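Okay, handing you the structure first.
When the chains are written out, they are named A, B, C and D in that same order, and each has its own residue count from 1.
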Amino acid sequence: MDKKEHISVPGQWPLSSYTWKTERFLDKYVEGLKEKKILGLKCPDCGTVYSPPVSICAKCHTRMRLGEEADWIRVSEMGSVITYTVIYTDVAPGGLKDLAPEERRFFALIQLDDVDTHFLTELKEVSEGEISVGMRVQAVWVDEPQGALSDLAHFVPVEWSI
Amino acid sequence: MMDRRVAIVAYAQTSYESKKDQSREMMVYEAVRDLLEMAGISKAEVDTVVSAQNDYLEGRTISNMRTVGPLAAFMKDETKVEMDGAFAAFYALARVLSGVHDIAIVAGESMASCYPAYLPMTWTLDPSFDRPNGFLNEVSAAAIQAGAYMERYGVSEEQVAGVSVKNLGNAAKNPYALRKMPDIDIDSVMGSRMLYSPIRELNAYPLTDGACALLLAAEEKASEITDKPVWIEGVGNCHGYYHLGDRDLAGCDSLKTAAEAAYRMAGIKDPVKDIDVAEVHEDYSHEELIFYEALGLCKEGEGAGLLEEGTTAMQGSLPVNPSGGGLSANPMCATGLIRIVEAAMQLRGEAGEHQVPGEPAVALAHGQNGICAQQNAVFILRR
Amino acid sequence: MRNVAVVGVGMSKHVSKRRDVNIPELVYEAVRPCFDETGLSPKDIDALVTGNMPAFEGLNTPELWGAGYWGGLRKPALRITTGGTTGMSVAHGAIYMVASGLYDTVLTLAFEKQSDGDTTMGLNSVGLADFANVFEYKGDMESVTLSFGGAIGLFVYQAARYMAKSGCTIDHFDRAAAMLRNNAAKNPYAHLKQPGSTAEDIAATRMLTYPLRYGHTCPASDGAVAMILTSEDRAGKIADKPAWIKGLAACSEVATAIGEYGGGSINIDPTEQRSCRFAANKAYKMAGIEDPTREIDLAEPYIPFAHLLFIYFERLLLCKEGDAPRLFDEGVMDIEGDLPTCPSGAVMSTNAIGASAMERIAECALQIMGRAGEHQASKEVHNAVAHGLGGAANFNTVTVLGDKPNRG
Amino acid sequence: MQDVEGVVELSLPMDAAFNWSVGAYMERFFGGFKHKKFLGIKCPDCGKVFVPPRMICEDCFAETEEWLELGDEGTVEGYTVAYVKVDEKTGGLADLDEPEIIALIKPEGADTCLIHRIAEANPEDIEVSMRVRAVWAEEIRGELADLRYFKPAT
């Protein structure tokens, strides 16, 4: 508005001074990933299947039973693209830089078959022209799973269909 | 002024701890689950949910975004008051009074084990002067206030310590309290660590993890849910001066105004006679004495006398903080709501070991917000 | 509910940086006109309801500092904060204060001074705890950070799915953006004004993340809005032509895209906005509106990104699902159209975040009062709908305003 | 059913940075520091003189306009002796090596107080209504840090 230098006072919000706590609902899920299995957790009340799991079912206000074997189910490694994006720019010194077509990456919200939730993952082996909402995709595992979320490396289009 | 009668029909508290071994989401979930269980209703019957949360206590903005599930607010008219929980209850009351909603959940929570202790309140300070100077924080401000009050009325440190002795002794009988001290005496308060003179560790609230919830219902629904409704008969709410240097620190004008409004609405003529039990939100022991005076429970400068003659003791004629008050547990954003819940428990005769004698019929509950109680909310409840 | 009227509206100018004023001073610029225009003073005000986007300016409860500047000393105070919806959640708080019968005349205001703060870190802090858990369980942090750089992260997913469902194209987003930029040029309070902006100009801006371009996004603004609300018996004495609150509702879902602490989200389709339809239905019912497509004359949905113009036109039940792009093409949403939508230029042109959702109500009120000036809709506005969006597109708030109070 | 015990505790090394405009009134106040003076501002309605200065008299809802030069002396209206301080990282109360005096000081001619530190004095010698004088930095820049502390004005 005006060009005059104005006095201001610097300050901080030290987010690094906070601790957040959460229940260990991903422990068993990553144990499954180590064996190349995707697990889902079923709400004991309304039956909603979450994968990755959660600790509370918002739909019916029920605490999920993390210790109950019967509530954990193995779910499909195949699913559908709910929606996707293509990354055209990346943060670079001095602002954003455009990515060349071959540098662009694809991310998608995927819903696995038999699961009532979606999650974010990267899509590979796909081109900008091919990718679409509803596209069938399947999981690709890392060679040696460690029991980490990144064991489920990315998803690729399903090359065949039933 | 109120076209509809609104009652507290259920309540729930978590235990108050210095470090809970659960997420805040699970803590909130448990409080709301217990609340619905006590009311015997399901999530489907709830119309609206008002939470009291503060993003600087949660370490994330839009802190209510992740508590939709735990609050039983999924697909509900949910909102968040970023103040003490008593103000959330005040808003929920307005929502039900409007006739748009019949049943409201109110919940307040925070986890001191997750946020950087006394820093969030320093972020309420004027960023052009007091905050960068670094001298003021909630404890040093309270100390300056305590000094001003004691100087004005010739009150001694031992007299102020009497508040801690009463409240922390009461807390020993409260199963939810964090700081229980059945054997506390004046010497133990006077011997505790000096922080900012005259405030010592046992004059100040303990950092607390905890959550509290209550259920409000319009008259026609209230009778379906409980045969012991606690009616909200009056409310007052007031914002006072910001700058500490503008205020008369020996009193609390904004509480006085809030109390007068609540008394007017509830038809309270003589608070000492008309009120049977009170739960006030004191963060520091001297505040309770100032609050007695602002609430009109005694004349200005006579707070210490009221305490000493035993009027506000558990067995006195007007017990104040039978729960132990904020000195016994202070999960910020929940503390004022806890006062309302504790007052309701007293009226229902459900306070257990810390139940006051004489079947109280009228209770006062109070919540505060901001440094040195800048904003105050007062509730008058009747069984 | 007791009838509630909007009798005063004030806004500060919105710009990217107001380094010459502090927060209470900036907000005062919106409050003062409310008092001047209504002839009221703080003596006439029974309560103050306020809010801003928490954690963006690094100030905890800035009302503690500011309320006295705004006429709030010794008044009942309420601070409400809910993310992008804040401004409307605050206004709803003020409406309930009057509707409850507790108070008669209430001042409400919302604000943001983004130039004081760190908007990106502020936004990131929404999900820090969730991302931290992904990090803890050794997830691919690169995908999380790359695909969620600021608020746009979530909205690109929404835009791509809407295109697939409705069959509209990026060209629609370009033209919607151009319409809003032109509308903003007529609004004295708007921030980003680009008179004569064309779809080609928008199309020439850089693609940030498919399918949204730079020209489809909103600026960061410093600004404030204030309103005076009052009861029916007082409204006529204060304003010749008040705007009436006819219906209000809010609805919360769980966050989409990344669930709590990295869990899965049941809010599967980010374009569905079930909570918006739910709230709109409730608010229309309160307002006695049976067919919003015919009875609503003007809409101010919360549009920080161009594709949302179409999504919210549909989710506010102003047309059948999937029809919005066609109706836009036919000129229905123009200032001269049958159902002018965002004549203010929308959040896309002016985004002092905390204030934005209250400005939707303020703009509807100005249109009903006939005081919108250059951006006044051509048709007469009897009923209007305002909307707020917040969280990870999981909070929706709706307010229906009209030129007559509810009866019966 | 065996419950899953314990929680994951998380933190991230990220902070947010801010820069608050102090506004025209505080800019002028800091300008007064260049002359080693406190500037107050007077309400045109009630006549109250505010320090630090501000745009609005909250009581009258009036815009303040008349600036006053108040010198750099004042009286102690209240105080505390600090044995601890708030740790900038953890937010906890850390012991101070030497106690520090924090006081409400009413500059001469003002109706409100500001909060600052008193040094060059023993805590036991401080009392309400004693006079104190500002001690200024050697190099004055027209900013907050120019005002180092107050000391007894003997």
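Definition applied: a contact is a pair of C-beta atoms (placed from the backbone, for glycine too) under 8 Å apart; a residue touches a chain by one contact, two chains touch by 3 or more.
Just so we're clear, the structure is a prediction, and the values are computed from it rather than from any experiment.
For chain D, the chain with the farthest CA centroid is A.
The chain pair with more C-beta contacts between its two chains, of A-B and B-C, is B-C. Chain B has its Cα centroid 41 Å from the Cα centroid of chain A.
Averaged C-alpha coordinates put the centre of chain B at 33 Å from the centre of chain C.
Taking the mean of the C-alpha atoms as each chain's centre, chain C and chain D sit 37 Å apart. Taking each chain's centre as the mean of its C-alpha atoms, chain B lies 29 Å from chain D. Residue positions of chain C touching 2 or more other chains, listed in rising order: 18-20, 22, 55, 58-59, 68, 73, 116, 118, 121-122, 125, 128-129, 132-133, 254, 260-261.
Counting only residues that touch two or more partner chains, chain B has 22-23, 25, 56, 59, 68-69, 74, 115-116, 119-120, 123, 126-128, 132, 241-242.
For chain A, the set of residues touching two or more other chains reads 6, 8-9, 11-15, 17-23, 25-26, 54-56, 58-59.
Contacts between chains leave no pair untouched here, as each chain touches all the others. Against chain B, in their complex, chain A makes its touches with residues 9, 11, 13-15, 17-23, 54-61, 63. Residue ranges on chain B touching chain C, taken from their complex, read 1-3, 23, 25, 54-56, 59-66, 68-69, 73-83, 87, 90-91, 93-95, 97-100, 120-121, 123-124, 126-128, 235-242, 253-254, 257-258, 261, 369-371, 374-375.
Taken together, the chain A residues at the contact with chain D in this complex read 6-28, 65-68. Of all residues in chain D, only 8, 10-12, 14-26, 54-56, 58-59, 61 touch chain C in the complex they form.
Of all residues in chain D, those touching chain A in their complex are 1-22, 26-27, 30, 88-91, 143-144.
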